[in-house]
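Each of the next two complexes has chain A plus one other chain: chain B in the first, chain C in the second.
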Partner chain A sequence: MSSSKKIRVLVAKPGLDGHDRGAKIVARALRDAGMEVIYTGLRQTPEMIVEAAISEDVNVIGLSILSGAHNALFPKIMELLKAEGGDNILVIGGGIIPHDDVPALKAVGIAEVFGPGTPLADIVGYIESNVKL
Partner chain B sequence: MGSEKGLRKTFKEWDEGPVAKTLAKFPERKEQFETLSGIPVDRLYGPSEKALMEYEQELCFPGMFPFTRGVQPTMYRGRFWTMRQYSGFATAKETNERFKFLLNQGQTGLSIAFDLPTQIGYDSDNPLAQGEVGKVGVAINSLADMELLFDGIPLDKVSTSMTINAPAAILLAMYIAVGEKQGVPMNKLRGTIQNDILKEYVARGTFIHGPKESMRLITDTFKFCSENMPLWNTISISGYHIREAGSTAVQEVAFTLANGIAYVDAAIKVGLDVDSFASRLSFFFGSHSDFFEEIAKFRAARRLWAKIMHDRFGAKDDSSCRMRFHTQTAGCTLTAQQPDNNVVRVTLQALQGVLGGTQSLHTNSRDEALSLPTEQSVQIALRTQQIIAYETGVGDTIDPLAGSYFIEHLTDEVEKRAMEYIIKIDDLGGAPAAIEKGFIQREINDSAYEFQQAIDNSTRVVVGLNKFTVEEEQQFDYLRVDPAVEAEQIGRLQEMREERDQAAVEKTLEALRSAAESDSNLMPLILDAVKAYATLGEMCGVLREVFGEYRAPDIL
Partner chain C sequence: MPAIKLVKGVLKGNRRDLARLITLIENEHSSAATALSMLYKHTGNAHIVGVTGPPGSGKSTLVTRITAEYRKRSKTIGIVCVDPSSPFTGGALLGDRIRMQEHSLDKDVYVRSMSTRGHLGGLARATSDAVRAIDASGKDIVIVETVGAGQSEVQVVEVAHTVIVADVPGAGDDIQAIKAGIMEIADIFVVNKADYPGADRKVIEINAMLDLDSRERSWRPPVLLTNALTGEGIPELVDTIGAHMSYLQETGLLKQKGLQRSRDELEQIMEYKLTNELFTRLRGTPEYEQAIKKIAGRNDDPYSVAERLIADFLISVRE
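Coming up: the complex of A and B.
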């Protein structure tokens, strides 16, 4: 892959959660790292997120949730994404997500979960090493 | 101003006026206060004879304009702040048990956390509520849930704060209805609805309608309460969420007070006299990690609001100028790493709130960067407040840091810088216009990003996170909301719908609709619908149809 191709990322807030400080900071850090970032804004349903990811032809989806609804919403998003042929998209998550929940989220295809205190550079580095362009 | 003679005279007036009056009604906790070594502690310490310049104008005495030194003449010598832990999860029944646990542990007020569907006006069986029911708070669909929530808790004995904004009028109506059933009339109810929609657009996200329609609901509650609920705080103008979204202390004061100005403007515009409602406005701030700046912030906010109410709005009653506020320790400073360290952070932040003269306080639990707090963590958080109150003696004299060169300087600086922002916001057309233009959001986002960068490059140290780190296995006892809660809640909701008088529900909802289309005050109609067991989702559904829904601009 040519290194000049920009990584396209959708940063999304699924569910009703209004805590978007983390999502916005991550979006900005990815943009500063040279990626093209689309931020969905609040209150996105799984359907809206998957539709935006496909139509914007993104390489990465970053899901942020702090309300505790991740176990219901993340698997739904992965299911829809598969059905729409988005298997190649790297999906990562972040927010208040108890450790015990992570294995089940990884099992449905969430590549990595970044908790509170993660340095922004770790997220940038993870995407750069794992994205499929 | 500020002459020695003038000050002595004002002191005498204070002592014989507000203090004597307060003591007659509320005696202090002790006849005499003293330190551990037996040194007597007076109610108040003032400036030395040399340092009287501007004292009267800028600080004055507790309970006197501009309230820099506190809003009551005796402050914590009379009664400690209200210990009010924000709590709520799962169903009304489980939250009722947590409330009773907290009251048994010596908590003195209640504070309800609602789940997101409730906050956004959806019943638990709405498809958009999936996965969210009972998660960040308790699910309340109708009066039936509210009755369960307060089962065995007499509403004439507690004060209750409700973190509810877009549907605040509806939850207030449910509380009134529960009170009536318990035989407590609404003019005896004490508590607060947050009811602060403007900060939802910039920081918290639980709006339903656009600013214009939302402001109408707010002024409707102001009017209703000014006539019927003299003890009720009609709004809690909140800087907490602005701060949690990433603002600085100065921005927190500025944007909160700018929102406050917008509410007062709106109420005056619909014909309310400023002194008829202003004394029931209350505020809510965060207590972050910069020890002295936070204490100064509380004092500066009080003084600035007093001046705004007096100079800008011409309030005549001192009580209209008196800023009463709730404080919560800063959730965003908690770390998921070495979570027990959070107990220490919370202790310091709680102390800041007390030294800043807060009226009530929530102390965060050590595990909140990981999940909802367990009962044990909540107990430590409450004990933290109790230790500050009962063991340290910090409440034995009023505003003990006043007169510190540094504190007074910081107080002046925070006030001055916040005022500069308020002038800028005025130039943009006021807070609603500044929000519409994205100005406030961008300011907050920039501060949040800078803060995060400072942590990432270690110019700001967070102990256990970017310095003094350890390898640790996360082993914590999480509070889990059972996924079965959602189905259980939906089951009860559907049962309730089958049992109620459907015709009565429809009639009240139709009345609500036509009132929404006109100018009439919606509170009485909401109360009728609540009493007929119309659900929150049904009432908000009607209002959504009439008022429409707001779509926030996405500003990075």
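Coming up: the complex of A and C.
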């Protein structure tokens, strides 16, 4: 019956990408770190992701993408999120994202990008030290 | 007082404000109670429908289908989905929303996932107040999906006007999956997964069990067959939910239940406040610690000490 706050995370798979192993592994790791994780499944449009983030009042959005469509989808998500007043939400990404693409993604507000082989503890640690509750 | 700033938005149906208020309710933020008391007179308009049943019986899929049918009938919908928290880490994977994607861009459907945060009974502690906030935001129907329930997760009756128990064919030889407690709270039975073998037999079994129920009651829970994947049986289910509400209204049971609920709730709140008040005054005072030592040393007894302390408390309150 603690009145302490919980970190709420939305783990989302934008676009038509069907690679969901990484997203599920990350979701489980965050759950095991004591967070409340909402997983919305595959094939989410930017609109659906932002809508879920606002309705669920999450502190973190984790985007998982391995299809290569991140340069189109991530900025769109950030733009919609801003329009809905979700600027306080920490947004991070993971999957197959070339190093060269990362600076442009950070410029639109993606806080950090985690590639293949990232230890799950690093992801947990990053969220715990950067989330705004 | 962050919650109070949200009240206006909630009453206007603003989903972001509603979402934030529910978080404050979940976190037991001190301003949430004030916001809820401001919202109270705007509640009591929604028909609250509970959906419970064993894990994987298709509750979330049913909720989505029921919602689609209500949307055809121009009703606005709020949904609260409760999933269990891990007893080891306190974390939770909230997966019911996956099944509700078809409504995700409908502004007249609000979906909120909620962890039990260690609470037993099938709901979270915050569920009832979250439902109330959604009610105040103007939704016509609020649907509550409980955690996958066995037999003791029956708290949904305290929140819902109409409780649907969803079971599936072949879940045990006879009535295995849904046991006594869960069976008794049903206003409507649904045998979902009608495409599975043994669905008709399951309907017969539940009806046979209802025949054995010796309680006097004027509403015998109907047993319906659905296929939540195709939507078969869903219009009939939504009609039956409406019929149950009409029954509650016509028999005066709705008023009666409302009175009972108000009484229970008032008494719970008073009990909580009173004990809280009493103990903040007592605990840590030298007199209190002295009295406890005396009881332990058999120089006094807890019965008369309790009487004395409460009498003193009442006098000090009067002054």
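The criterion applied here is as follows: the second predicted complex is superposed on the first by the 130 of 133 C-alpha atoms of A that agree within 3 Å, B and C clash if a C-alpha of one lies under 4 Å from a C-alpha of the other, contacts with A are read in each partner's own complex, and residues count from 1 in each chain.
The working rule: contacts are C-beta pairs under 8 Å (C-beta built on N, C-alpha and C of every residue); 3 or more make two chains touch, one makes a residue touch a chain.
What you see is a predicted model; the values in this text were computed from it and never measured.
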After the alignment on chain A, I want to confirm one thing: do chain B and chain C clash, or do they fit together? fit
Give one of first, second, both or neither to describe whether A:Leu73 is in contact with chain B, with chain C, with both, or with none. first
When the two structures are overlaid on chain A, which partner does A:Ala107 contact: first (chain B), second (chain C), both, or neither? neither
Partner chain in contact with A:Tyr39 - chain B first, chain C second, else both or neither: both
Three-chain overlay, vertex chain A: chain B-chain C angle, C-alpha, nearest 10 degrees: 100
On the A-aligned overlay, A:Ser4 touches which partner chain: chain B = first, chain C = second, or both, or neither? second
With both complexes superposed on chain A, which partner does A:Arg28 reach: first (chain B), second (chain C), both or neither? both
Min C-alpha distance chain B to chain C after superposition on A, in Å, is 5
Take the contacts of chain A with chain B and those with chain C, and give the residues found in both. 27-28, 31, 37, 39-41
Chain A to chain B touching residues, read off their complex: 15-21, 24-25, 27-29, 31, 37, 39-43, 45, 67-73, 96, 98-100, 115-117, 119-121
Chain A residues touching chain C in their complex are 1, 3-6, 8, 27-28, 30-41, 44, 47-48, 51-52, 54-57, 84-85
Please name which positions on chain B make contact with chain A in the complex. 116-117, 119-120, 122, 128-132, 135-136, 200, 203-206, 244-246, 332, 334-337, 369-372, 445, 448-449, 452-453, 455-456, 462, 465-466, 474, 478, 481, 483, 552, 554, 556
Please give the residue numbers of chain C that touch chain A in the complex, ascending. 15-16, 19-20, 22-23, 26-29, 85-86, 89-95, 97-98, 101, 104-105, 110-113, 115, 117-118, 125
